[in-house]
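Note that subunit A is present in both complexes that follow, paired respectively with subunit B and with subunit C.
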Partner chain A sequence: MMTESQRLATAPMGVPPRRPSAWPGSLFLWDRWRYELRMVGIGSFVLPLAIVAIYLTFSLFARYGALQNGGTLADADFQMGRGLLALLENGLALGAGLIAAGAVAPDRALELHLAAPANYRVTVLQRLGVVTLWSLIIGGITCATISATTYWVFPVTGFDRQLVWLPSVLCFMAIGAAMTVLLRSRVAASTILGILWIAQFLLKSMFLDGGVLQRLYLFASEQIFPAILQVSRSQWYDTWLQNRLILLGVALGFFVLTALALSRPEHLLGAEK
Partner chain B sequence: MRNGQWSAFTGVLRYELWMQLRRPALWIAAGVICLFAFRSFRGFYLTDNGMTLDMRLGDWAGFLSGFYPIAAGLVLADRFPRDRKLHTDELLMTSPAETGARLWGKWVGTVLATLLPALIIYLLGAAAILQYAHDASRLPFALLLFLASDGTAVIFVGAFTIACTTFMWPILYQFLFVGYWFWGNFLNPHLGIPTINGTLLTARGDMILAGLFPSTVLRLHGFSAPSASFAQGIGSLALLLGCAVIAQLAAWRGLVRHEHHQ
Partner chain C sequence: MQIVLEQLAKTYKGNVQALRDINLTIGNGMFGLLGPNGAGKTTLMRILAGILQPTGGRALVGEHDLATERGRHAVKRVLGYLPQELGLYPDLSARDFLDYMALLKGLDHSAQRKQRVHDLLELVGLADVARRQLKTFSGGMKRRVGIAQALLNDPQLLIVDEPTAGLDPEERIRFRNLLADLGGDRVVLLSTHIVEDIAQTCRNLAVMTQGQVIFQGTTFDLLQAARGNVWMVTTDGPKPDGDVTVMATMHQGNAVQYRILGQPQPGTHAVPADPGLEEGYMWLMRQNSPLLTPFARAAYTVGREHLSEPGRGDA
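And then the complex of A and B:
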């Protein structure tokens, strides 16, 4: 055990020695979280906010465009509401997925990390947990804010409103994380997410043709809207809810897959640099 | 380009070409594109639905040029930051190869390599269409369509990806790029949101195809056919390639300035 004088003597020049904490456990935990936050990078926390700002700007353009085209104020608000629905369902999802793929990307000092007593899987899952939590906070606040205004246009209430954004955000995050770990490449995972995202728009008819793909369609709320306003709720609600719940299950599956894949450290070596 | 720099350029080009071709990410992306592209292929291109052979080939080339560049841009997003991440950029700065030769070599090499999977996917589809029409003589025409639409789109996307990632965080770039691709190529111009879709800057190349190869335009009931004159087709091609070169020049200038400040 090092005495206080020995500790002071061995401290590097110019660096004040840290006093031992009365709660070493909590200090360690705080330091660890601070370190993990820095590892994930400030950009991962700013990007979702930037996405909200970008979609908000485009929604305002849509509102302005509707007014310019001779639409009423209600039409303009409706167009803005559609833009904000797109933010919730597809904007936040893509950003969250790319960030999750980056958070679990093989560490630069992976070999060193695998030799350390700290479990690599726990470390990576903590990083994934941090970015997931942040995405959920931003998504929740955005959803609550839009709900409190007149710009909420999708005809569901209560907790169902969370199902507009939660399944797609979690699915993109889980797929991004699982693909990064399984393919040992963040870029491959990002590319799959990008293709998946654009395919939802370009191949909409293929997805909405019924069958399995319709149940797995990631942007169902946005694509069935506003057509559902013309039909009774019983004609679309069950299908929509089924789609949302299946997607939550898919997300859970990919998160479990990520955790399982991380338990094989030897598989993680030799990742694409 | 000075003598030594030309050999540096060709050396970087060769290296980047082979390195990109050996990357699993490129082929995984091509595989995922195939899964989506060929799922409904037979039902649309290999049935009697009133489309001429040129229309089938043009639509197939146009579909791929709207879809594949997403994969190209995302795969290429780490090519420049990789040098910084592995700290090989400092080593390369001490070599006789100048920044320009390395940057242009990286662009040409990676773009050529990224075009190869696209060409394979395209030829698979084009071969099936030609076989269906019992007319193999249109193969050179099919290749021209690929170069005009997919080739231009990947060159354009590759240039901006390499240029933007010299100063931008790759994840931010990837998000903005995917958003741009939808906004600039597929967003309905009548929504009221300003978009470059439908202008000469539409990167997926439907103006090029409509202008240079009018026989490929899908003039069928229920399809919105783009219309463009020959001059507009040439203009779009020149504008996209010109923008690609300007992006590379800007990145080159930025890198040289950055190195002088180091």
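And then the complex of A and C:
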């Protein structure tokens, strides 16, 4: 005779529970996306907005300060424009990197997930995709909004304006994700991102001296501004564009590295130690 | 369902041999895997769960070969797994956690999934707290959530790694009984270093140490291995010394009663005692320390010839 435990453990489910979906954890299920959004956490969605708010506030203060110091309205708008340029290239990038590191951080139920039919790598890339999309939406909207005002100061037009923020945001995201997976630590990856971010300012002259480092400089728009206003476009545009495209390639490389590292369960579990 | 392991090996990076030459056949019912920490039990569990790949030999779960991606995927579809270190999402409720795990296991139909989650929460006695966040749960409650998630897909193979670690006695007994109930028509693989858990639930078991299986048989066989090697010594003098293991010490007024495992008889005043499974296990570990020296292997092999004969003496 069956015990209560056995009866419940084999309780009918309408469909035979031993024949689960051929595509477990299907990407097309809203329920699945709903949970992944919860796993990513509300903080990941708030952080970029908070960064926009902080930079916007400081930009307004800069504008106010310029007026208080006897500057013209044009000077004040220029200061505000610089602040918003920094938001686009520096602020959003750091925020995006941090949320990417969080999205791919070692899952609390990692071993359970690895033992489930749903592919862990797909799950993590799903989460990374969510925060990437969110960062792109915030970046795109911010860029478009600034472009529509008189505060756009960087001398490029059209799609080039998206290249002011897109490469640095994607680079920080990809590096943050790769470091988190490789080091199995969100904290370590966040620290690396912080150091990388600060290094862009401290080592500015070294990066801008030319050569390979110039091509890899993450803040090549904001940090060469407003000096480029003093020279002809031909003297900086090609190098700047090259830098932007190379950074997109670097980001792609780190994203691929992240995906590859996620397919090594022994590394993820720390068993390789 | 049957699990067949033939010369299974697992070597990690740096040439660390976690498993060596494992040969096991496991059928339906409860099967215990005993061994000290670091014996390779968890690595073996992870291979059987399709998480890790073996680096040598063969591992078949039913007709599925765990050396292939397809085989591992197929095993995961009929697997319930409760790892040693059970990680949960602290901000999810028990119900949401099980719902999410059910999605990962491919239970896509929403209504059926919710019914299954409800049934399992009833089964493990957590229906009343189903909406509470997991971070508010005690260790025992978390273990019960763990077993519930393992049963979501009505697994044919249930692997539980150190399931009773950290549980109080009442929880432990409840958990053991639950596992025993589930072992009827499926393979339940119970890995532990707590001998009592095996003694109370499993008829068949294997003992591992240093990546190798040093015993496979019934609990009775293991118990018999220690017969003739367990002694009671009551003394008001010094503690018995020599090549013996003191299994228990009981103070009785001025005298102390020792339960001793060893050979030969530790003095003429030592009285033979019936062995328990823990003593069988300890005897086995003594025989294999250092692991499988030619002498120890020979001694153990000689002993095993008598194992299935109740009442026979030395192992």
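As a convention for this text, the second predicted complex is superposed on the first by the 242 of 273 C-alpha atoms of A that agree within 3 Å, B and C clash if a C-alpha of one lies under 4 Å from a C-alpha of the other, contacts with A are read in each partner's own complex, and residues count from 1 in each chain.
The rule is short, and it goes like this: a contact is a pair of C-beta atoms (placed from the backbone, for glycine too) under 8 Å apart; a residue touches a chain by one contact, two chains touch by 3 or more.
Note that the structure is predicted; figures quoted are calculated from it, not measured.
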item: Partner chain(s) touched by A:Ser190 [first = subunit B, second = subunit C, both, neither]; value: first
item: Which of subunit B and subunit C A:Leu98 touches, first, second, both or neither; value: first
item: Contacts of A:Ala109 with subunit B and subunit C, given as first, second, both or neither; value: second
item: First (subunit B), second (subunit C), both or neither touched by A:Gly43; value: first
item: Intersection of subunit A interface sets (partners subunit B, subunit C); value: 108, 272
item: Residue ranges of subunit C in contact with subunit A within the complex; value: 12-13, 43, 46, 49-52, 73, 76-79, 81, 83, 85-92, 96, 99-101, 103-112, 115-116, 119-120, 122-123, 149, 151-154, 156, 177-178, 181-182, 184
item: Residue numbers on subunit A that touch subunit B, as the complex places them; value: 41, 43-44, 47, 50-51, 54, 58, 61-66, 68-69, 79, 94-95, 98-99, 102, 108, 183, 185-188, 190-192, 194-199, 201-203, 206, 272-273
item: For the subunit B and subunit A complex, residues of the former touching the latter; value: 23-25, 28-29, 32-33, 36, 39-40, 66-67, 70-71, 73-75, 77-78, 82, 85-86, 169, 171-172, 174-175, 177-179, 181-183, 186, 191-194
item: Residue ranges of subunit A in contact with subunit C within the complex; value: 3, 5-6, 8-11, 13-15, 17-18, 20-26, 29, 31-32, 35, 38-39, 107-118, 123, 265-266, 269, 271-272
